[in-house]
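First chain written, first letter: the chains are A, B, C, D, E and F, and each begins at residue 1.
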Amino acid sequence: MSSSPLSQKTGLIVSAHSADFVWRAAGAIALHVKQGFRMKVVCLSFGERGESAKLWRKGGMTESSVKAARREEAQVAADILGAEIEFFDLGDYPLRVPDEALFRLADVYRELQPSFVLSHSEQDPYNYDHPLAMRVAQEARIIAQAEGYEPGAGIIGAPHVLAFEPHQTEQCGWIPNTFLDITEVWDTKRQAIEAMAGQEHLWEYYTRVALQRGVQAKRNIGITAARNIKYAEAYMRLTPTVPENLA
Amino acid sequence: MSSSPLSQKTGLIVSAHSADFVWRAAGAIALHVKQGFRMKVVCLSFGERGESAKLWRKGGMTESSVKAARREEAQVAADILGAEIEFFDLGDYPLRVPDEALFRLADVYRELQPSFVLSHSEQDPYNYDHPLAMRVAQEARIIAQAEGYEPGAGIIGAPHVLAFEPHQTEQCGWIPNTFLDITEVWDTKRQAIEAMAGQEHLWEYYTRVALQRGVQAKRNIGITAARNIKYAEAYMRLTPTVPENLA
Amino acid sequence: MSSSPLSQKTGLIVSAHSADFVWRAAGAIALHVKQGFRMKVVCLSFGERGESAKLWRKGGMTESSVKAARREEAQVAADILGAEIEFFDLGDYPLRVPDEALFRLADVYRELQPSFVLSHSEQDPYNYDHPLAMRVAQEARIIAQAEGYEPGAGIIGAPHVLAFEPHQTEQCGWIPNTFLDITEVWDTKRQAIEAMAGQEHLWEYYTRVALQRGVQAKRNIGITAARNIKYAEAYMRLTPTVPENLA
Amino acid sequence: MSSSPLSQKTGLIVSAHSADFVWRAAGAIALHVKQGFRMKVVCLSFGERGESAKLWRKGGMTESSVKAARREEAQVAADILGAEIEFFDLGDYPLRVPDEALFRLADVYRELQPSFVLSHSEQDPYNYDHPLAMRVAQEARIIAQAEGYEPGAGIIGAPHVLAFEPHQTEQCGWIPNTFLDITEVWDTKRQAIEAMAGQEHLWEYYTRVALQRGVQAKRNIGITAARNIKYAEAYMRLTPTVPENLA
Amino acid sequence: MSSSPLSQKTGLIVSAHSADFVWRAAGAIALHVKQGFRMKVVCLSFGERGESAKLWRKGGMTESSVKAARREEAQVAADILGAEIEFFDLGDYPLRVPDEALFRLADVYRELQPSFVLSHSEQDPYNYDHPLAMRVAQEARIIAQAEGYEPGAGIIGAPHVLAFEPHQTEQCGWIPNTFLDITEVWDTKRQAIEAMAGQEHLWEYYTRVALQRGVQAKRNIGITAARNIKYAEAYMRLTPTVPENLA
Amino acid sequence: MSSSPLSQKTGLIVSAHSADFVWRAAGAIALHVKQGFRMKVVCLSFGERGESAKLWRKGGMTESSVKAARREEAQVAADILGAEIEFFDLGDYPLRVPDEALFRLADVYRELQPSFVLSHSEQDPYNYDHPLAMRVAQEARIIAQAEGYEPGAGIIGAPHVLAFEPHQTEQCGWIPNTFLDITEVWDTKRQAIEAMAGQEHLWEYYTRVALQRGVQAKRNIGITAARNIKYAEAYMRLTPTVPENLA
């Protein structure tokens, strides 16, 4: 893992299962890579139990072969997007995060010094692994800020925290306050989506999500802008901003 | 009222009483003026009944003389800040807003084409005029966006809506998600504050507010910034943003 | 209406319909009267349309005769409880409160100088008159505090505001944070309840409410107390307190 | 207006503007008509100012001609769906509902005796007419239940209240708890949608909404069902149910 | 444990302590049994520490003898209601649920294939074991849905999740949206209640709860129904429904 | 640890890190001590990692020497305030609380029999140790109430639970409903604050907090009071009260 030059901005994505970052944040990843950011994905698990139904139904699979197939798909998607990816392999349904994994993630923060971190919604009654991933993303961020955690290693500042879009948004207390225009990188996102062979039933679903969010982004773009947005991703920003002005 | 050149950005403040914009948004006004914005304040009332206790206690005052004194103070403050100011004189405690006043405000939106509008918190159990001002600010904004309202006159886009800080924030469901560094214009804000001769007991209170928000702004400024913030104003942004990236 | 001596504490109840104060606050009224308080009830309407089904079904009734019957019942109940009562006769289903009624209520505050005011829950999807009564109770309180409203007449301080129990508590966002032990005045409350001849179906309902709240009050009474509570009323206090200590 | 036979179930839709019922509830209308319900739509306004941008841009239009065009479109859609429709023509942006209109709607309830009423979400920061329509729908329902409102005319029971889907759901505090499978009437809904010539930009948008809700409905259908749902509408039920069992 | 025939519907109750299911859901159990459902109760603990005060005060008791007495009472109640019961004996005050217990519960879901599951409210500041039981009920449900958990064993669909009534409802964020008429099985419920010899002080309390909920159920039953409800249980349904229509 | 006489009231403070009780509750501690209460502080950790930045930056420090310095400061502050203090030394960033520590805290409750317990806000996105401390404070309180936990040792009643002020109140869902006038003990609190040599940057910050809360306390003090409040502490009371009356 090469260290990024001081001048390079970076971003971190904490994904509960190995495909979550594709459906929910691939546009942001591709867009920031295009803008020169170093982007890194941490997959806490492969989603081998709970999000690999199609693989299991093929028959003849073991947990180990399902994990390998999921890892391969995620690596291909990360390559398409231009992102680094790291797998923690903590298991899913249920995901459990021991303190050593928490510290490993804190160390990723320290090495990466991200401007922002993307993870799941803080609530999700359909999926308990997702909110746990966000919680861990936030707890590791706090630890990485602490002067007394591995003293001497440089602490981090206050990376912005944003929650990407869950499957059933309204059930999750997730309210988008930030829309990202991903029109110019849509083809790349779609290509990464199609790398998820095991969940083909979701391809069109998330294409429609991007179109709906595109329409909504246009309605919220403010008074002076005139961007031609077709596809967007929506985020719930959880941390305050300190902008140059309010326009 | 001169029309602003197309290239000039503008901002609108809707103030329930004639002093509210000073305590709560004078820093934003001065900062945007410094950045070249045309800034305009609309005072729905003079606060003659409910926020002029010191004047009434002087004796010999009538509603008319209290209003004149309040108007004078607000005009001086606006001049200090470099903002335009317009008085709707709708009365206070209780403020009542007939539809013609709503349309008058919609016309201000149409003429000004603001990038953003600042008003009160949406709830305030200590003050019913404040949430009404915000409601009117939002309703007029929606009307000004409607093609069929005064068809032919140009509609507006979607100015951002932000709620400035109420007196007892936690009672008002007001959660700041945006901090504005006003250190460089603090002296101007303090000068405007001191123009509010009738409410001298609030001068130190709002100076302390600015210092506390300054400390909090620094804690939220993100990973790469190193601004030396001493004074800040806090806002609750109510409308989604569509930024260039998430950093 | 006689003015209360300076040393006498007072309390105000704002009741949307003429029977509401009985079911929901008769215990508090009787208890405070017993403790020496002057207690006053304002009924905004008689509940002639929406809460007098039994009277209407008797046949031969007009709005006027229903109102007279309701007024009589409420007066009897107030007499039993030892409270003053005043009827604003604003109509119900829907209750509408013009500004002159609001000012009349503000004048009641000024005259009474109550330590606390009791009214309905702030939300009630089953009844729109109830939340309006609470809103009016709060708005009149704010106006009565304003130096410039009828300047010269003495302003009031900050009476505590509490919401008494609505019919379907959980649907109303009503969360009791204050239990009042009414065991010693229960017989008086039951007598006032039985004066409500037109709503006999509610007698046992509100007796059971008092028993349930009694059980809950005992569970919340704190560590050093050993009161023998059988009947209680529950309230949602909306305004902060400034107690001598936290015990 | 012919009275429905006692045995016929009925449903009411309260639409702020004349096209809202199409995008948001046309599937429910067509489905219930197919099941033998008498369905009735009340349009409080034509949406002539705020939802007729395309018409205004054609040029040469007056408020009166826009209203006529909108009325025609809504009537065609209602005919396609098999519903009755009634226009209150109260104006939009802003919609204002005087008490006589409220009573007119209460009378519709009394005549129709609906099992359920559909209207807008209770909050919508993008549109103040929508929540007002829902509020009026609920207030009229309560008045129609009151024995003393037009005594002698039969009161209604407690029709279920459901909020149909707003445009930006998460901003509106709208959480769907009820999915309706509209696959079998989708073609009819799409036909009604296409009758809305003035808002063609929304056709595909609401087709995608129906597809997304279809996927979600399948995920929530419970353990024993195996319906093949493709299109669905989502609703937020606001009133409790009293089912035969919990399965 | 005999497997239920394919055509038999089933329901699951997850009870933190061994008596909870009686006070809160005995009516639902008896009613569904009467309708032909197979009903099963899982008690995570016996409530030996926190809900057996009367037993401990008898003197001469050990944790083991208290547990035996509690088990006996619960078994008797289950027999009266016609339900199966299984004890996990995980301890209480505090209840702790290791992953093996979570998987054991997931296996119960797989075997039972319930249409619905009943457990505690998601919050309860008076009792931390109760929300944990609900959390475990939901997490086990999700695991039992995962294709990759014990692959080969049949997954479950999406059983409805409902929270039964906590002791102090308003403190628990518990809002009833579903009332179940238990009048026809009330005698059975009361008999099961009386089997709880150790908590006799709660018999009348929960009888009054059933009467109050009965009154409320009648107010919510909708327009065409005319059921004679005297006793009811209230539930907060947490999962969306997909009904045949909205009536 | 000496037992308090039966007649002496007591209070407990549960502090996540060793300095938290000073900034947030030192006024309450000093005031209750002055009123004759026995006051006890439990520090779950020393805050050695996350709240000792200044110490770490001095260089040459180890975790052990930082803890010793923090312990010394906290002991000095407790002595100034007249409180007992006990250190659990559980570590911070992240704080982890094993069941034996929970039981140790339950035993403190049993020994102390406090009238009230003060701890952190229930949420804090900037600090995960703080909400955990409050959770543990509440869970231990419930265990100490259970007859079957260490049967024979006397159970406790229901001490009031209050959350003291977090750093960024609005982000924490913390709403003050109780203001405590600490003017008469302010000098003592300031002295305790100055004992926190390692966090000098917070001295003025929390002095300003006390002044702001003082202004707000005066606005909420009710109608008959005339206290001259300059400094106050604010609390969010989480448990219902059972007062003698509502004045």
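Worth pointing out:
Please note the rule applied: contacts are C-beta pairs under 8 Å (C-beta built on N, C-alpha and C of every residue); 3 or more make two chains touch, one makes a residue touch a chain.
None of the values given here were measured: they were computed from a predicted structure.
Common neighbours of chain D and chain E, by the contact definition above: A, C.
Chains touching both chain A and chain F: B, E. Fewest steps needed to get from chain B to chain E, stepping only to touching chains, is 2. Seen from the Cα centre of chain D, the chain whose own Cα centre is farthest off is F. Where chain E touches chain F, the two copies mostly use different residue numbers: shared numbers make up under half of all numbers in play. Within the list A-F, E-F or C-F, D-E finds its counterpart interface, over half of the contact pairs alike by residue number, in C-F. Averaging Cα coordinates per chain places chain B and chain F 38 Å apart.
Annotation for chain E: residues 126, 171, 176, 216, 219, 239-240 touch two or more other chains.
Chain pairs recorded as touching, per the definition above, are A-B, A-D, A-E, A-F, B-C, B-D, B-F, C-D, C-E, C-F, D-E, E-F. Chain D contributes residues 9, 11, 28, 31-32, 35, 37, 113-116, 118, 156-160, 162, 176-181, 216-217, 219-225, 227, 229, 232, 235, 237, 239-243, 245-247 to its touches with chain E in the complex.
Those residues of chain D whose C-beta lies close enough to touch chain A in the complex are 126, 167-171, 174-176, 205, 208-209, 211-212, 215-216, 219.
Taken together, the chain A residues at the contact with chain E in this complex read 48-50, 52-53, 56-57, 61, 63, 66, 93-94, 96, 125-128, 171.
Of all residues in chain D, those touching chain C in their complex are 99, 102, 138-139, 142-143, 145-149, 151, 238-240.
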